[in-house]
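Let me give you the structure first, and then I'll get to my questions.
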Amino acid sequence: MADIIELREAIATHVSDGDFVALEGFTHLIPFAAGHELIRQRRRRLTLARMTPDLIYDQLIGAGCADALIYSWGGNPGVGSLHRLRDAIEHGWPRPLSAREHSHADLANAYVAGAAGLPFAVLRAYAGSDLPKVNPQIRFIECPFTAERLAAVPALRPDVTVIHAQKADRKGNVLLWGILGVQKEAALAARRVIVTVEEIVDDLDAWPNACILPGWTIDAVCAVSGGAFPSYAHGYYARDSRFYTAWDAIARDRETFSDWIERYVLATDDFAGFRRKFDETHGVAA
Amino acid sequence: MADIIELREAIATHVSDGDFVALEGFTHLIPFAAGHELIRQRRRRLTLARMTPDLIYDQLIGAGCADALIYSWGGNPGVGSLHRLRDAIEHGWPRPLSAREHSHADLANAYVAGAAGLPFAVLRAYAGSDLPKVNPQIRFIECPFTAERLAAVPALRPDVTVIHAQKADRKGNVLLWGILGVQKEAALAARRVIVTVEEIVDDLDAWPNACILPGWTIDAVCAVSGGAFPSYAHGYYARDSRFYTAWDAIARDRETFSDWIERYVLATDDFAGFRRKFDETHGVAA
Amino acid sequence: MSGSDFSTEEIMTVAAARRLPDRAVCFVGIGLPSAAANLARLTHAPNAVLIYESGPIGTRPRVLPLSIGDGELAETADMVVATPEIFRYWLQGGRVDVGFLGTAQIDRFANLNTTVIGDYVAPKVRLPGAGGAPEIAACAREVLVIVKQSARSFVEKLDFVTSVGHGEGGDHRQRLRLPGRGPTAVITDLCVMEPDAHSRELTVVSLHPGVSREQVECATGWPPRFAADLGITPAPSSRELDTLRALQARSAAAHGAQPQAGAA
Amino acid sequence: MSGSDFSTEEIMTVAAARRLPDRAVCFVGIGLPSAAANLARLTHAPNAVLIYESGPIGTRPRVLPLSIGDGELAETADMVVATPEIFRYWLQGGRVDVGFLGTAQIDRFANLNTTVIGDYVAPKVRLPGAGGAPEIAACAREVLVIVKQSARSFVEKLDFVTSVGHGEGGDHRQRLRLPGRGPTAVITDLCVMEPDAHSRELTVVSLHPGVSREQVECATGWPPRFAADLGITPAPSSRELDTLRALQARSAAAHGAQPQAGAA
């Protein structure tokens, strides 16, 4: 049963140093508020999984939260490289990061296998690619009926999955819509689940066959309005593409990055504090 | 691209004697009109797949359309046995029926594998059960990571899948809602797809992330109002449970059954004709 | 406290319902299991989460469904997903606390046959088949079986093992690496049985009021074991009986009692 | 007929767009592929079905998406499914006619590297990685590659094979049992290349207007083959250019040209 609590408490209760954590959201509904809270609470030695480790993981990695990364595409969408991710892989700053690289189809299937209680997933993939040479977690099996050779990848089963969604009701049932990504699978694959939501309502007013996670599959639901900023929440606010563009210059330099994290994340109390500080410095009317 | 045509033409064009055909619909949206049309056009030697071969397959089997059946639960829901199915398996009337029996989880996964372009599905199933002893299509494989033993079943790939849905638009995009069963997977697993719908509309007015089959995945869309009778179409009409109850007596006796099929199906032109005849004889106001 | 008069089916349904804990996630078969699970929900287990294999999760039907996919189940559910997802993410995914099953035949280790009476290839009676039962029996954390008791249904040896209960007994389930604990109770119209802690053989733990040991022995195809502290199943309370009868009356009215689609 | 003046990127985008048949189901990568696929949709291929890996199917974005999961893609789509379904039912299921990919490195058999420059373990540059490309390259019925040409990107030997084009050439794809036919064209800012019918080695089939063979040779890390009937890529029509420019102007306006979230 979902506890409806503050994000600070949810992270403190459910995420420990050394945990295997997935923060998912496929350019939509990225749980930035939860990412900041992990940085603020100085979580260390996390293994982070995410199909698309964009700015949220650049921040976590640059802030020294992670020892390992499982991913399939690491970039700043529409802008370029993730400088903190590259610096960690290429130069071990601020600490070495071991990276295990897959393809999108692989990780999507690996979350499905995790959600489905299977130890592995089967997919048509990787024949002729070099990825299996550098990733021992990619293997091949034979179809027992046709003798076809297919790829097999281990299920992803995070200790904690964190996602952001549009709405929850007071029982902690969560509704999301629009670009769904792998959030439902990542949540169902995890041992513990934290969901931040734009708002908590009396009634979800969900349409038939909507994408819902029932409250009894979730450990903590936290109301964090704007919690996906600078990504977007369909029906609530648009993506702040300027933030993504500006991130390139911030993340390119270690000191500029560290100052940014200090000022906007570590020196603020919570995500609302971050937004106030950010809006002040960037001339946005409150 | 879906042709929007009459059901008679769709069956004539897309279903041949000897085809492997799946008519799906999990107590909801059962494509009875299409089943009747197969009987009316006297299709023979079909291999029929269906998780729950209820009245629709009792009719097809009793009418001599099928040589083989792939299924996981054969009964008249809430009433009892399927007498025509049993008579065909137990006594070969009106012709021998070879039956291959699976579990629901197996067939659901087999359709998923078919839709996903995989030759087989993996599931936690059948350990200790006698079903693998009588069904050589159930095998076991070992997880390449954990060495766990899991069941493997071949993908289902029907020549033709027929489903009933609530709405299509004029491009043949189909929307269904409520109890979805395995219809989407069965359709995507098939070489050819026929969809009967309650109505064809200008705009589906679908909500976010609704269950839709795009027109370009479908061969024929046919408007057949009431085409799921006596099952139901959520938002249109309720299940006629009395029909299911009454079916028991009709199907119990070969002659009574044959008279019923002759009178209501073979002697009528189409499903609307069936409904007129049925309503006349059962005192329902037109 | 207790209803003065009740049928054997009523006490069976009530005794089964009592076994469903509040807040349990319950995978429900149609028929007797569905009646018991909904009675539980309407009495002591208002927060039980009922899942049917057709797709509804957290459903609260106002009347008992006739079929596993009645519209009522969808209309009153927290959510409705496709059938493959039910079996993949919800049952196999390990989210089901209690699987509630019926059966045609059962043996002393609570293995279930819903496939065939007689030889598989030349059957005496072909039963409906496996449906969702084998994987419910395998994957649910525990399984409750509700079945009318007779020497024809409680057999020395199953004609066919459709769904595994405790296999050959003892630690056979663990050796088969089945995820769930298997059947924890079999509730009949005569008694309640539980598997022995070690042998896993079904043991009568309580007789329904007015039922004798001899009746149970006559209705069991093997010499049944009785618990040392054999009890009497508490009679249905008037709340239980009233709730069950009202539910069944609503259901009968909703589904229509009389056949209509008769032969011409 | 043709626009009098156009950039190399414009003719690349136009030449790529022309390769997308109307009604084709197209799996679209972000960036240049997305611009080309949408230009096709807005000109000669109004019924092309565009699929993005984030979930939208049959999307008709009014502005080019910045990210693979922009809200615009969801709002203008026929339907939006979850990402696992995109890869399982739609791509692997064999429903994609054309995969439209970019790349960082490409070799003479149109194999693609988007993983790393230099050694994998001690990389010179870590590139974004595989994303959806390996399975798009494997499963789409055909693949179009759109990439700016230079000796750094068109290399004799890839540092890493992320996605297989024609492997080692000849029938290597069939031997790998890859479902699709692989790359059928590589469209650059200098020319259009197609694989040779037998060797599958990329062959320049047309030079863009004003581009010389020598320019292509200088921008290719191996001695490129030229078709016997080497042609000139038709210049963009004014309709193509106007449509592309309007699309890009709309997109720039929508996304905002200037950075805002700068360092404090």
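By letter and in written order, the chains are A, B, C and D; residue numbering begins at 1 in each of them.
We take it that contacts are C-beta pairs under 8 Å (C-beta built on N, C-alpha and C of every residue); 3 or more make two chains touch, one makes a residue touch a chain.
As the structure is a prediction and not an experimental result, all values here were calculated from the model.
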Query raised in the report: Hey, which one of B-D, B-C or A-D is the same interface as A-C, over half the contact pairs lining up?
Result: B-D
Requested in this report: Count the C-beta pairs in contact for B-D and for A-D, then report the pair with the higher count.
Outcome: A-D
Query raised in the report: Just curious, how far off is subunit D from subunit B if you go by their C-alpha centres, in Å?
Result: 41
Query raised in the report: Which whole number of Å gives the spacing of the CA centres of subunit B and subunit C?
Result: 28
Report summary line: CA centroids of subunit C and subunit D: separation to the nearest Å works out as 57
Query - subunit C, residues touching no fewer than two other chains - result: 74, 80-81, 88, 92, 139, 179
Report task. Would you pick out the residues of subunit A that each touch at least 2 other chains? Result -> 112, 117-118, 123-124, 148, 178, 180, 185, 208-211, 234
Report task. Let me know each pair of chains that touch one another. Result -> A-B, A-C, A-D, B-C, B-D
Query raised in the report: Where on subunit A does subunit C make contact in their complex?
Result: 1, 112, 115-118, 173, 185, 188, 206, 208-210, 212, 214, 216-217
Query - Of subunit B, residues touching subunit A in the complex - result: 117-120, 122-124, 137, 139-141, 143-146, 148, 150, 152, 154, 177-178, 180, 207-211, 234
Report summary line: The residues of subunit A that touch subunit D in their complex are 26-28, 51-52, 71-75, 77-78, 81, 85-86, 89-90, 99, 101-105, 108-109, 111-112, 123-131, 134, 148-149, 178-182, 184-185, 211, 230, 232, 234, 238-247, 249-250, 256, 259-260, 263-264, 278, 281-282
Report summary line: So, in the complex, the side of subunit D touching subunit A is made of residues 30-31, 53-56, 65-71, 73-74, 80-84, 86-88, 91-92, 115, 120-121, 123, 125-126, 128-135, 138-139, 160-164, 167, 172, 176-179, 255-256, 258-264
Report summary line: Listed in rising order, the residues of subunit C that touch subunit A in the complex are 23, 25, 49, 57-58, 74, 78-81, 88-89, 92-95, 139, 179
